[in-house]
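Read from first to last, the chains carry the letters A, B and C; within each, the first residue is number 1.
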Amino acid sequence: MTTLLASPIAMLPALVAEYVDFAATHFDELVVLTIQHALLAADTIAIAVPIAVTLGVATTYDDRAATVILWLAGIAMTIPSLALFGLLIPFLGIGSPPVIFALVLYSQLPVIRNTYVGLTKIDEATLSAGRGLGMTRRQRLRRIQLPIAMPVILAGVRNAVVIVIGVAAVGAYVGADGLGEYIFEGIRTGNTTMIVVATIAVSLLALAVDYTFGVVEQYLRLRNGETIDQALGTRFLTTLLSVRNTHQ
Amino acid sequence: MIEFDSVTKVYPDGTTAIEDISFTVEEGTTTVLVGPSGCGKTTTMRLVNRLEEPTDGAVYFDGENTRSVDEIELRRNIGYVIQEIGLFDHMTVGENIATVPELKGWDEARIDDRIDELLELMALPREFRDQYPTELSGGQRQRVGVARALAADPDVLLMDEPFGALDPITRDDLQDEFLAIQDRINTTIIFVTHSINEALKMGDKIAIFDVGEIVQYDTPHEILANPATEFVEDFIGENRLLKQLSITPVSDVMDPVEAHADQFDDVGGTAAAADGGERLSDPPSPSTDLRSSFITLLEADRSMSPVVEDGEVVGVITESGIRSHFRDGTEGA
Amino acid sequence: MAGVSTTVLEGIRYLVANSDQALGLLVQHLKLVLVSELAAIAIAVPLGVLAVRYERAREPIMAAGNVAQTIPSLAVIALMFPILGLGFRPAVVALFVYALLPILTNTIAGIDGIEQSTLDAARGMGMTDNELLVRIQLPIAFPVIFAGIRTSTVINVGTAYLAFFIGAGGLGRWVISGIDLFDMSQVFAGALVGAVLAITLDLALAGIERQLRSDSGGQTAAV
C-alpha cells in the first residue's frame, strides 16, 4: 500500500500486469459473477418495468395521483440502499430477494417519471387528430401515445438499469449474487487487485448495458422520425435491420 | 452613414444568404429592408452590428470598415430590436432599459433619469419601472424593447420585424407612435419587415429584396409609381394607387387658401365651408394622408375641404387636386 | 406489520440510547457530504459553462460526466482504496466524483434552455461573453443549476453510507455493523438519521436558493 502511494505511476505497468494476471486466473469465476449480476438486474427490471409503466400511465389520468406517486417514488430514492437491504432481511431473508425488492423500488422513479413525461409531452394536435378519427381513449393510448412515448420510456428504463446494476453491487453485502462479492471480499482481505478487477468488471457491465439501451433508444427515435446524431452502434443496428428487411 | 459594398454572405452550410449587395443608408433616415422570408433581409441587418460577418465585401459605418472596429464597442452604439423582443425576464423593466448604459459605465443618476425619460417617450407608466417583463402585455413588452434599444442614444437603430408578433391593432398603434418618436430622436434606422404596407408606412427609403439580392432601392413613392421589375409589382400587390394615396400627405397636394378664397365665407378662421355639403367635424391636417382625406370628402359629400393645423386653415384640399395627383401617379407607372 | 413497528420502535430506542455516538457519526457524515459537495459545485458549474461556451469541449465533458455517473457508486468508492488508501480523503474524492454529474448536466441544460432571442438581444446590445454569462446566462439558469445541486446533495447523503467500507466513518457504521450483527434497530437508527439529514439539507438548500434569488432581485416578484 505504502509503496504504491510512493510512486503510483512508476508502478503502473507492474500493476496492470497484476490485474490482467488476476483476471486470467479467475476468469471463470468473473464470468459467472458477471452473469449473475446481469441476471439479478434483468430479474429486477422484468418486475419493475411493468409496475412502473402502469403507474406512469395512471399518473396521466389524474394530476393529484401524479404528484403523490412521483413524490413517493422520489422519497424511495433517498433511502440508503444498504440500510434498505438490511431492514428487509427480517422479512425476506438474506440473498437476492431483499435486494431485488429494494431495486424494484429504486427503479420506479426514472421509469414512472419518463412514462409520465413521454405520454404528456405529445403534441395536442396529434391527439385531437386521433380523437377526430374516432379512437377511444384506450386506443389513443395504445396506438398513438405509447409508440410516440416509447423512446422516452426506454430512456427511463435505461436510467433505471444503470442504477440497478450499481446498487446490486452493494447488495452483495447482504448475500446477493454478483460482482459485489469480489469487491467486498477484496475490501475485507485487503486484496486491492481483486477490488480493482471487480470494479472494472462491474463498471464495464454498466457502461455496456447503458450503451446498448442507448442504441435501442436511438433506434426507436429514428423510427418515430426524429433526427438525431447517431451513435456508431445505432448506425450498425439500423443497417443490420434494413439489410434483414430487404432480404425478407 | 452605413454603406454596403458588394457584400456577400455564405453560411457554413453552403447556403448563400445575400450576394454582392451594395447600398447606402443615409444619416437620420429610416431605411426599410423588405422581402419574402428567406430573402436575406435579416442577414443584411445583422451584418451591420456584426452578429454576422460578411464572406466577401465590406460594411462601412461612418466610412470605417466595421471589421476594423471592436464588435462590442460597435454594438453598444447600435440599438437592436427584434421580433421576439428578447427582454431579460429576470430583470425589472428599469434594469432592462438600463442594460447598455450600465455596460457603458454611466453613473447611476444619469441612468436613473434616462430610464424615466424613456418610459415617458414610449408612453409607459412609471410604475412599470420596478415590474418584471413577464407581467406586461405583448405591446408593452415591445415598448420596453424599443426603450432598451434607445437607452444609450445609439447612432443607429436596427429593428428586425419589431411589430411582427403583435396583433394588428397594437401594431398599428405602435407604428404610428414610433413614426412620431422617429421625428423626435432623429436616429438612423434600419427596419426589417416582410410586409410591404409596413415598409411603405415606416420607410424614407425602401430596399426590396428578392432571393439574396436587392431588386429596387428607392423612396416609397418612386417604388409605387415606378416598380422596377415584375417581382416588385407583384410584391406591392393589389391597389397600388390606393397605397400611393395612403402614403402621400395632404401637404403634398393642397392648394394655398388664397386660390379658393371665394369658396369660403370664413377664410383662415374655421373649418366651416360653403360648397353646400355637410360641415366637417374633423377636417384633415397637412400630415393626414390623402386616402383618409378623400374618404372624408366622400363621406361629407363635398368636393373640397379646408386643411386645418392648430385651429387655423392653412390650405385647401380639393377632389380635383387629388384626382390630378392620382393621374400623375398612374402616368408615371 | 408487527415486525415493522417493532423495528421502528427498537430503532428509535437505540438512537435515543446512543445519541452521543449518533451525533459523532452525523458530524462525520455531514463533513463527508459538505466537503465533497462544495468541491463538486466548484468544479461542475465552471465545467458546464465551458461545455456551453466551447462546442468542442462539450462532448468530452458530457461523456466524462456520464461515465462517472454510470460507474456504480460502490465501484468508485472501492477504487479509491487501492489509489488513495483508507480514510476521509479517499472517501471525499469518491463522493465528489459521484456528485458532479447532476450539477454538470443541470448547468448545461439551464444555460442551453435560455431562449435564443434573449441571447440574441444581449449580444446585439454589445455584451461580451463574460458579461453575457454573469448578467444573463447564470441568473436565468440559476434555478435549474440549483435543482441539480439539491439532487446531487440528496444522492450524496445516501452514497456517503458506503464510505464506511473504506474507513471514513459516518452513518454507514451503524447500518453496516447492524447488518453484520443482525441488529435491525441499529440499521434503522442509522437510516433514520441519514433520512433526516437528507431532508434537512434539501430544505436548507431550498431556503438558500430563495434567499439568493430575492437578494439578487431575481424573479421572485414574477413567480
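We adopt the following convention: a residue touches a chain if its C-beta (ideal position, glycine included) is under 8 Å from a C-beta of that chain, and two chains touch if they have at least 3 such contacts.
Just so it is clear, the model here is predicted, and its values are computed rather than measured.
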Notebook entry, point to check: What kind of graph do the touching chains make: line, ring, star, complete, other?
Noted result: line
Check: So which chain is the furthest away from subunit B, centre to centre on CA atoms?
Finding: A
Next item on the list: Would you kindly tell me how far, in whole Å, the mean C-alpha position of subunit C lies from that of subunit B?
Entry: 54
Check: In angstrom, rounded to a whole number, how far apart do the mean CA points of subunit A and subunit C lie?
Finding: 21
Next item on the list: Return the distance between the CA-based centres of subunit A and subunit B, expressed in whole Å.
Entry: 60
Item checked: Parts of subunit A lying in touch with subunit C, wherever the complex brings them together -> 1, 4-5, 8, 77-87, 89-91, 162, 165-167, 169-170, 173-174, 180, 183-184, 186-187, 192-193, 195-196, 198-199, 202-203, 206-207, 210
Item checked: subunit C to subunit B touching residues, read off their complex -> 115-128, 131, 135-136, 139-140, 217-219, 221-222
Item checked: Sites on subunit B touched by subunit C in the complex -> 49, 51, 71-80, 82-92, 95, 99-100, 103, 131-132, 134-135, 145, 148-149, 158
Note to self: Taking the touch rule as given, give the residues of subunit C at its contact with subunit A in the complex, in rising order.
What the structure shows: 3, 7, 67, 69-76, 78-79, 81-85, 154-155, 157-158, 161-162, 165-166, 171-172, 175-176, 178-179, 182, 184, 187-188, 190-191, 194-195, 198-199
